[in-house]
Every structure is written in structure tokens, then in C-alpha cells.
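Shown below is the structure under consideration.
Which chain is which? They are A, B, C, D and E, in the order written, and residues in each are numbered from 1.
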Amino acid sequence: MMQKTAADDMEAAFAVNAAANKIILHNVGKSYKIGKGNFTAIANVNITIQDNDFACIVGPSGCGKSTLLHMLAGLDFPTQGAIWINNKKVTSPGADRGMVFQTYTLFPWMTVEDNIQFGLKLKKMPIKQIEEITDKYLEDIKLTKFRKSYPKELSGGMKQRVAIARALANQPEVILMDEPFGALDQYTKNRMQLLLRELWQKEQSTIVFVTHDIDEAVFLATKIFVMDAHPGKVKEVVNIGIGENRTLEVKDTFEFIQLRKYINELLYDHQDDDEENI
Amino acid sequence: MKDDFRLRQSINKKTYMMITAVTFIIFLVFWYVVTAGGFVKAMFLPALTSVLKNLAEGTADGSLGSNTAISIYRITMGFAAAVALGVPIGILCGCFQKVEAVISPLCEFIRYMPVPAFVPLVMVWAGIGEMAKIIVVFIGTFFQMILMIADDARLVPEDLLSASYTLGTKRWSTIFKVLIPAMGPKIMLTLRVMIGWAWTYLVVAELVASNSGLGYTILKAQHFFKTDAIFSGILVIGFLGLITDRFFALLIKRMFPWDERSNP
Amino acid sequence: GNTKNAEQGSGGPKGLTKISVGFTSWPTNMMIYLAQEKGIFEKNGLDVSSEEFSSTTESSNAFLAENLDMCTYPAPDIIAPISRGADFKVIMMTDKSLGSDGLVVKPAIQRIEDLKGKTIATQLYSVDHMYLLTLLDGAGMSSDDVNIVDMSMSDAGNAFLAGQVDAASIWEPYLSKAVAGGGKLLYSTKDNPDLITDCIAASHKFVTDNPEAVAAFVKSWDEAVAYWKEHPEESEALMAKKMNVSDKEFHDMMGTLYITTVQDSVKGFSKAEDASYWGYTQQKIVTFLKKLNVIEKKIDAGSIIDSTFVNEAAK
Amino acid sequence: MKDDFRLRQSINKKTYMMITAVTFIIFLVFWYVVTAGGFVKAMFLPALTSVLKNLAEGTADGSLGSNTAISIYRITMGFAAAVALGVPIGILCGCFQKVEAVISPLCEFIRYMPVPAFVPLVMVWAGIGEMAKIIVVFIGTFFQMILMIADDARLVPEDLLSASYTLGTKRWSTIFKVLIPAMGPKIMLTLRVMIGWAWTYLVVAELVASNSGLGYTILKAQHFFKTDAIFSGILVIGFLGLITDRFFALLIKRMFPWDERSNP
Amino acid sequence: MMQKTAADDMEAAFAVNAAANKIILHNVGKSYKIGKGNFTAIANVNITIQDNDFACIVGPSGCGKSTLLHMLAGLDFPTQGAIWINNKKVTSPGADRGMVFQTYTLFPWMTVEDNIQFGLKLKKMPIKQIEEITDKYLEDIKLTKFRKSYPKELSGGMKQRVAIARALANQPEVILMDEPFGALDQYTKNRMQLLLRELWQKEQSTIVFVTHDIDEAVFLATKIFVMDAHPGKVKEVVNIGIGENRTLEVKDTFEFIQLRKYINELLYDHQDDDEENI
């Protein structure tokens, strides 16, 4: 194990020199023990993501998207290969990589407000600034009136919005989001998409965003990773060149529709028989 | 809602109280009838009236009050010490497998040991003063507490911890800001269980050179088989227990308004 | 004499010598309370802290753990600790059983022989266990012929009363209770008064360091006994209250005991080859316990006695 | 992973075992040195060697084996009875507030009462046979068990019950097919806690007219201040406890492969 | 309370006579106690749903959609008004109303297979038939290979698919679904939509379906209830008359696009200021 890691390190050092990449996944694989056997969830993923990239990951259910994000966050570790962020191997989670989880993970003993402020207080930010940021995000997610509510008093979509605000308010360098807008209505979703784009441009952060909504992916991303299942792997990387000042109108442009169609085809291509042949 | 078969439906608070009251009354009436009617010898079960008389006498001459006070003191001190040490150690045990490897097997080993067996040793180590009684209560609860609190720590959902790491908590801030608040309701439930346990050690603790306390009163009464005195001691302890338990239940409800299970 | 040595300088409020005495709920031991309430200890320069225990096991353990300076003992319970290297001296006798130990049986049982195969409750290795064996021996039987169950004295009495056992070899107050509850007193120690005694022990260290205090204690005890003899009703009322029994119950119990004076102790501590010598009966117990494997090595019972103080007080 | 500060990281099984072994060995060495070196009087803390000798003797003459066997029998029977009655009643308590109103306050009342106080009563009620000892263990665990199991039942997520109602379970099928399986791991944890508790009542149980058993051995040894015998009794019980606990831990892991917390 | 219920009963009897409705919500309101105050989540909802209707509910996050479904399922009760299903007042949950929840509610101690079979075994269906149905649904949700897996070994989308199969396999008269396809990729989502339509036509069941995806709502529904928030109420009922034999192609028809646009407008109409004015 140790030896292998050393070898990986060398290879990676090489990769790192080759380009100033923000995130590097080198030969990443993940398998789970099930009973006595092994189940390979992800195999041989090689990805590089540049600084200030907005990377979207799409792929069939169960292809390993959540697993990948967990590994980027340092919450789980690859059983093969390694991950580098900022030229440092990922060995633990940290505030530099904020995450919005697929399930609701609000702290149930904190009010909406306290949930949002959690990371900021940890950083010992001045109270006035904390208040400002909280107010701004409460406004953005339209939950100002619910600032004193506990998570158990919120609907599914409301919880999800709070979780998004909590992660973003913390201003992480890398933002990892696992189907964050899944339980939102179209209107709120659109608003959140615009907000996220805006934020990303302003903060120059790097975002890795998992979604099933191809429209969403094309609208948001600078790069889309299309994944395949059994075992999970990256099928193709699509660069999205539709300009960076996107408004909702961009969705009606020819380029956009072409891209959406292309990715759709990539995804649906012989999927029917695929999932059953593990 | 006649055909509502859902479980854990909360009933009206008044109804609850009434059912409880009726239960206790039936209990007392049964006791009264059985003893007053002479169906059971006083030796097996003292007459309700003579127990009440005993309690009244104790109240009148102040002995009941002072015995209760000293017993509460001993239990509280012993229990407080066990909490002050046991809860932090338990949390560490639940958080770090290396700590667990040191502490857990030792506690598993010790917690099975019958506390009365330690009484002579406690006297050797701690003398025969108040400290000895407090230590008996401590020994009886401490090791168990560590294991139960460690279990509680293990039951905190991993998701919450993951979320907190990504927001920037490190080892200790995760424990203080996330794990402990999340464990809150469970810790209180555990303490509620444990304080009852502490009381059951009262008689053992007051084996050690005491001439006061409810446990002592019971022991003394046992010597002369004064069943009425035994029963009044037992009843007073039971009553204190009931109050403590209700107090804890209320406290848990108040302390954790955010918890769906404490406040359904 | 009024003792006040350097070590105890910081003692009681009036420069009294501190002594801690452990004892159990036994009528004679209530004399300690009497001496305390009547100011006898104080008058003799002592500040006695009285530590009451629920059983001999606890009091003895506390004593051996050096938490007490003195401790009351039913005679046989002294043997085991001494044989295990405990270092203390018996300084005085306090009572002799005069019917306060006995064998109570169900009414149907007429003679010892009727006990064959029956269940008898007693506390193993106690005097009353020995007493039972003595009685069985007298009838040509042994412990194999009966079913002895081991219980604390109070439990044995209660078990008999509840009809759970056929007989019980027990001491007061359980004995009278058992008799009052319909039991038949088959034999009691009224017949052999020297067999069972109670006494007070003091740690060797305390005896060496504070001989005056020990002497003062013996003197005080004797004065308390004298006070009781002079004012029986007042004294017994006080002691009964401390023991948590009625005056009558207490009086009845005292009736089954011979409360020894220092003169009795002097006599009992003088070497002789019969039961009048405390050491003689205790030596028998040593043999008994050795046979039962409770103790590993035999000891000389006489060597536990320190008769200095009773001799001095008797002068 | 040097800078991995996450909590509850599982360590290598071998490392765990080694740490535990080292802990126990340090413990034993310390004991040996302190006693053999004459730093503590044998009366206060017996020499490790004399305790081992005592154990060896007990093993040789078979008394240790038979005393252990009878004690295990008593504890097992009393505990089994408490489980057989306490678990179902506890579940009912957790499911139905009306049952809770009857049972819970009564249990809260009784569970505080010191078991030794009941010993004379148990004797007059149940005689001096094995039954009496079993009943003492039963009393010591039963009431507590009801309350703890009721808490466990209350902690089952409402979501699971909701899902099962919409799939057609009625009151009883919900309890048997959903609530109880969902409680499984928690029930086992509770039983694991309780069996340890049961053992601590051994000395009290064997106060009642016994002339066998580990508790009885300890009691007799106490009477004669045979610290080595007290310690060997205590150690045997502790050892049995350790085995039981490890057995339970393994059982829980095996029984609930689906549970993320039992099988992280 | 009792008196009020009696009055409601009378009113309802009237309503019931007026039309052979499958589901009737009469003046339904729901409020929660928060601290000392009251929060009205839903107010004055009057809805009727006919037998074999496919009713979709759309509305902003937090408008009370989940609450409504819970009340239909008999898991929660209105604080005002009453709900009738099959002319019987809803007083308890039952197998006649299957539900897919917004959060994953698989039984964690059961394998995928056992979860799906749970309801069937309760009904004491012959084992052979149970096996058949299980196989069919495992096939439909493409998880045959995972039949022996425990929920903890599944991804979010896989769990959701199992929950759907579990509810459908039970063949309830009324199917209540709370954003069931939220975590599915487009391809699986489409497949599940078709499957659901097919099933609904075959079994003649009545479906109440909550979604944020207006496309999905229009494609599936015979009737769409558009809700408004604060307090939650039904703003408009839209009948979807695009024929019943729908394929994916229908999504490109003019009618479809018109309907989608109409509902979008209904939803987005002055939403900006709405949420903040409770």
C-alpha cells in the first residue's frame, strides 16, 4: 500500500508539472466489500479540473457521482489511485472544499440562521460581517422569515436551500454540490442557478456539480464530465463554449440546444442493456 | 379517530395523568384491602396504614427529612462525579478507537463486578466517612456510564459529522460543536437511566458505617424485620425516583425543542 | 485518668483524646451511646466517635482497614483476621450469652434427633453455627444429618418465621421474635454461659500509642454499665431508642445477656484450663475453624488478650 | 493518512487487540510490582500471586467451576425472565401511550428502589431456594429494562412506520414486521447493558440463603477479610463479563449486517 | 371537536352526492404550533379528484404539497375541514393508498427484493405470484443485479427506484407520490414516466403526483393543481387534454408546449415578492 502510494506520488508530480491544475484525479478507483466479494463502483477515473472551472458531472444513477464527490471532499478515500487538489494530496476534509450533500444534512439543533453561520463562526469572522452575509443569503434563498425555524419545521426544498446557503456562505475555494437543486421548483432552481453562476464568477471558485438535469449542466458548466456505469468511469469530457455571461435566454440558443442534444445522446447511447451487465 | 391504529399516538396530557393516578390508586386500594382484610400476614406485607403511620412519625420527628437529605446528598455527589468523569471519557471512547481499545475492555471487565464486593476495599481506600459512600455510588455508575455514553457517541449520524468537516471543523471543534450537541438528547436519556441506577446503590453505600440515610434506615429495619419501616423507606425512595424521572422527562423536552423525538 | 498526649493535642474541642469505635446493633453495644449521652466519655477525657455498622463483616472490615481504633466483636469473629496477620488486642469482655443464643424449632419437633433431614438456618462459622454443631454432637449426629443453610442472623430469623426452614440457630433479637412467632425454643445458652462471649478489640498501634485512652475507655464502659444498673429504666429507654426497638423488647433482650463487669473480664482473662478462661473457649473455636478450613494456620488464642486495662480498672 | 482528523475512524483489528492487551498487561504488572514490592499491605490489596494461587486452588478442587456454573445459571434465568417479560412490555409502553401511562410511572417508581431492600421480602415470599435468587436478579433488571426498551421503541424513525402503514400494516403487523426489526440493534445494545447489570446483582442475590456461587464466595471471603478470595471472585466475574460483552459485540455485528452503525 | 366533525360529515355527504368523486378535500387547512404561535401551512383547500384521474400537484417549495399528500395518506390530519376517499373519511393510513415519500424510506434491514415484496407478503399473496411481480419490477427499475443488496449499499437514485417499485408492486387503488423521480437521470426518469402511465392505464388507479418538473407534470397528468404558498392553497386547476396515449414525442407538440408555458406563467406570476410576505 505504502509503496504504491509512493509510486503514485511520482506519477502525480509529473502530472502536476504538466499543467497548473486545481484538481487532479489520477487513476482513481473505488470498490466496496460486499459480503465476501468486491464491488467496483468506480474504476480508472482520470480527470483534471482547472482553477475557476465549473465542472458538471452527469451520468446514470449509481455510476459513482456521489462517491466521487465524497472522495474529492476527503470524506472517503479511493481504493486505487489518488486525488490532488492544489497540488496537495487529499487526505482529509476541510473548509476549503465546501459540500452540499445529496441528503439533507442540516444540524437539527440549530435554526436556519445558525446553520448558515456555522462555518463563519468557526472562522471567527467579525459578528457584523457574519450578520451581513447571513442576511444576504437568507434573502437569496428567500427564507428570511424562517431564519429562526428549526430544520424539522421546514419542507424538503427549504432544507435544501438552507444547505446550499450554508455551503456557499463559507466561501470555499472548491464547491462540491451533489444534485443540490433536485428538490427545488423550476423558478427557485433558475434563481439559484443564476446566483451560483454569479457567485462563481465573482469569487473565482472552482465548482464540481453533480446533476441529472442536462439543461442545468449545460447552462452552468464550463466543462461537463459524462459518466458511464458499471463500473463508473468518465466517458467523455465536453467543453461548453457558450460564453460566460449567461442569462436564462441562452437556453434557447442553437448552440445550447445542440450541446444538450449531444450530451443526451452520449448518455442514452446503448444504456438499455448496459445497467444489467455489471 | 376510532380506526387510527398508528403507534406512538400522543394522548391528552390529562388522560395520561388520570390513567396514571388510577393505576396508583388501584395499587394502594389493593394493598389496603389485602392487608386490612387480613389476607396476608403483616410479616409478608405490612398494612398500608402502619406504613403511613411510620411515615407520619418520621415526618413528625424530622428523621425522615434528615435521612432523605443526607441520602440525596450522597447520591448526588457520587452521581455528579461519575457524570463529570464518565461523560467526557465516554465521548472520547466513542470518538477514538485507540482510546476505546484502552478504556472499553477495562470498563466491560469492571462493570460486571458486583459493587457490594468492593465495599471492604472502599473502606480500605477511602475510610468510613461520607467519601466512602460517595465512592460506592461512583463505582456503581462510572464504568457503565462510560460504555453507554460511548454508544451514544457512536449513534450520531456520520452525515452530520461529514457536513461539519466540510464546513471547517477539525477534530476537537467537531466534537464540541457537532457531536456533543447532536448527542444531547441521548446523553440526557442515558443520565436519566443512570441516576435511577445510582439510587439502587444507596443501601450498599450506606452499609459503610452510616447512622443516617434512607438506606441505613432500611438496613436497620431489616435487622428487626420491621416491614413497615422497610416499606416506608422503599416508598420514599420510589417517590423521589418518580419525581426525578418526571423532572428529567420535562428537562429533555425543554432542552431540545429541535428534536423530533423529544418533542413529537 | 485524664489522658492528653502530644499526638492528640489537636483532638477534641476541649483537648479530649479522639477514639473511633465501630460496633453493631447489639444491645450491649448500646452502652456506648449511654456513655456518650451521659457525658461519661467526656468526663474521662475521651471524644468518642461512634460508628455503627449493619453487620460484623462491615465493622470488622473497617477496623482492619485501620479506619477505627476499636471495634466490638462476637468472640469467634476475632480468630480469622488474627490468623491472617491482623494486629490487634482484645481489651475487655462485654457480655456473655445467657440465653441470647438458642435453637428455635417448629413446634412439632421434640428433640434434636427429630431434626434429621430437616432444614436449619444459621450463619456459617458464627458462634451459633458452633452452638448448633455442639448440640448435634451431643445427640450423636453431625452436620451431614441435617441440611444447614447459610444466612445472616436476621434472614435466618425471618426465614424461620416465614416457615421457610424447620429450625434456626440464632441470637437475639431474632431469637425472641422467632419464639414469639410460634417457634419452640429447644435449647439456649442459658445452660452454658461461658460458651459465647462478646468483646472489644483495639488495634495494637492504638494500644501502644494511647494506653491512657484505652484505659479511660474501659473505665468509661464500666461506669456506663454501673449507671445502667443504677438507673435501668432511664438507660434502657435511651438505648432502646438508639437501637430502634421498643423499651420492652430491649429489656427482654438484656434479660438474655449477662453484662460483664471489669471484674468478670479480669477473671475471664486469667489463664485456666476450663471454660472460665476466655482463651480456652476461643482455642476451641480455632480448632473448629481450622477443621472447616476457614483459617489456614492455628493461632494461640490467649495471645490476643491484653488484660492490662481491665486489671488497671479493676483496682 | 497522517492529517486525517475524522472521528470514529476504525483502526486495525490487530492494533486494537494489541492496545487492549498492553493495557491489561500494564495493569497486571503494576499490581504485581505494588504488592510484591511491599508498597501496599496484603490486607488492602492481595498479591497478584496469592490471587492466582487462590484461583488455581479453586480450579483444582473444582469449587471455582461449580460456583461459576451455579452463578451463571442464576443470572441467566433471572435475566431471561426479565427479557421475556420486559422486552414485550417495554415495546408496548413505547408504542401506546395508554399502556405507558399505566406502566411507565410504576416502573419509574420501582426502578429506583434498592434491590438489597427487597432481599428479606423476597425470602418470605419466594422461599430460600433457587427461585429466590433468580427473583432478585429479575427485580434488579426487569423494571429498568421496560423503560429502556420503551425508549428504544420511541427512537425508531417515524418515516419507517409511515412507509409501512401505506404498505398495509395494521397496528400489530407494524409492530412485528417493522418496529421490532428496526429496533433490533438498539434492543441488543440494551440487553448488552442489562446483562452486565444483572451480574452486579449477583452478590445481593446470593445473600439469600445460598452456600454456593461466586457471590456467596465473595461474601464469605469478606466476612473473614480474605482479600485474595474476594479478588479472585471479582476477577472471575469481570472475566465472564468481558467475554459476554465481546460476544454481544460480535453478535450485534453478525445479526445486523444491514446496519451502518453496527457495521461501519 | 366532535360537533364540528359531525357538521363536516353532513356537508361532505352533500358533496359526495353531487358527484362520484374518488377523493374530496373539503375546506382542508393545516397549521402547526411553533413556540406559542401558530403557523398556517395550508388553508382552505377544496379539491375533488375523480376515479382514474392522474393528478399532478405543482407549486413553490414550502407551499404544502408534502403535507397534503401526508394527509391523503392518513399519516397526518387536517386541523380544519376533512378529506374523503371513496366516500369514506380518511382517519388512518392503509394499503389502498400507496405512497412514495420525498425522503428515502426503505426498510434498512431488508434487501431490495424484500423491500419490494413487503406489501405483497402482507397480503398473503401466493409465493409464485410474489416472485413474478418482484422480477417484473426489478426489471423495470433495472436493479435485478442488486436484488440482494441492502439499502445502505445503494446510491440515492437507486434507493428512490426501489421505493417506487415497492409502492407500485403493492397495486394500491390510490398512488401518492412525492417528487418520486427527483433524483433520477433523464433517461431513467423518462422510462419511469412511461412505466407509470402504462400502469395507471392498466390498473385504472388514481394517482396524486407531486413534482417540480412542469414538463413531467404536463406529460403525466390529466389534471394539474397549481398551488400557491403562504398559506398553501390551490390557485388553479388545469385540465390536460392532450390525449391519453402519450409517448415521449408528445412533449414536442404545440399543445404540450403551450400548456407548459401556461403553467409556468401561473407559477412564476409575482412570485418574487410572494414568498417573503407570509
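Keep this in mind: a residue touches a chain if its C-beta (ideal position, glycine included) is under 8 Å from a C-beta of that chain, and two chains touch if they have at least 3 such contacts.
Since this is a predicted model, take the numbers as computed values, not measurements.
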Checklist entry - What's the overlap between the neighbours of chain C and those of chain E? => result B, D
Checklist outcome for this item: Most heavily contacting pair of chains is B-D
Checklist outcome for this item: Relative to chain A, largest Cα-centroid distance belongs to chain C
Item to check | Degree value of the rotation bringing chain B onto chain D, based on Cα positions, nearest 5 | outcome: 180
Next on the checklist: Please tell me the distance, in whole Å, between the geometric centres of chain D and chain E computed from their C-alpha atoms.
Outcome noted: 48
Checklist outcome for this item: Expressed in whole Å, how far the mean CA point of chain A lies from that of chain C is 83
Checklist outcome for this item: CA centroids of chain A and chain E: separation to the nearest Å works out as 29
Item to check | Shared interface positions of chain A, touching two or more other chains | outcome: 74-75, 92-93, 103
Item to check | Contacts with two or more other chains, residues of chain D listed in rising order | outcome: 5-6, 43-44, 119-120, 124, 165, 219, 222, 225, 260
Next on the checklist: Which positions in chain C are in touch with at least two other chains?
Outcome noted: 57, 61, 65, 154, 158, 161-162
Next on the checklist: Strictly by the criterion at the top, what is the full list of touching chain pairs?
Outcome noted: A-B, A-D, A-E, B-C, B-D, B-E, C-D, D-E
Checklist entry - Can you list the residues on chain D that touch chain E in the complex? => result 159-160, 162-169, 173, 177-178, 181-182, 184, 256-260
Item to check | chain B-facing residues of chain C, complex | outcome: 22, 25, 50-54, 57-59, 61-62, 65, 67-68, 154, 157-158, 161-162, 173, 177, 181, 244-245
Next on the checklist: Residue numbers of chain A touching chain E in their complex, please.
Outcome noted: 32, 34, 39, 58-62, 64-67, 102-104, 142, 144-145, 149, 153-158, 161, 179, 182-189, 212-214, 264, 267-268, 271, 275-276, 278
Next on the checklist: Going by the contact rule set out above, which residues of chain D touch chain B in the complex?
Outcome noted: 5-11, 15-17, 19-20, 23-24, 27, 43-44, 94-98, 100-102, 105-106, 108-121, 124-125, 140, 144, 147-148, 151, 153-155, 158, 161, 165, 170-171, 174-175, 179, 189, 193, 196-197, 199-204, 215, 218-219, 222, 225, 227, 230, 233-234, 237-242, 244-246, 260-261, 264
Next on the checklist: Per the contact definition, I'd like the list of chain D residues that touch chain C in the complex.
Outcome noted: 42-44, 119-120, 123-124, 127-128, 207-211, 216, 219-220, 222-226
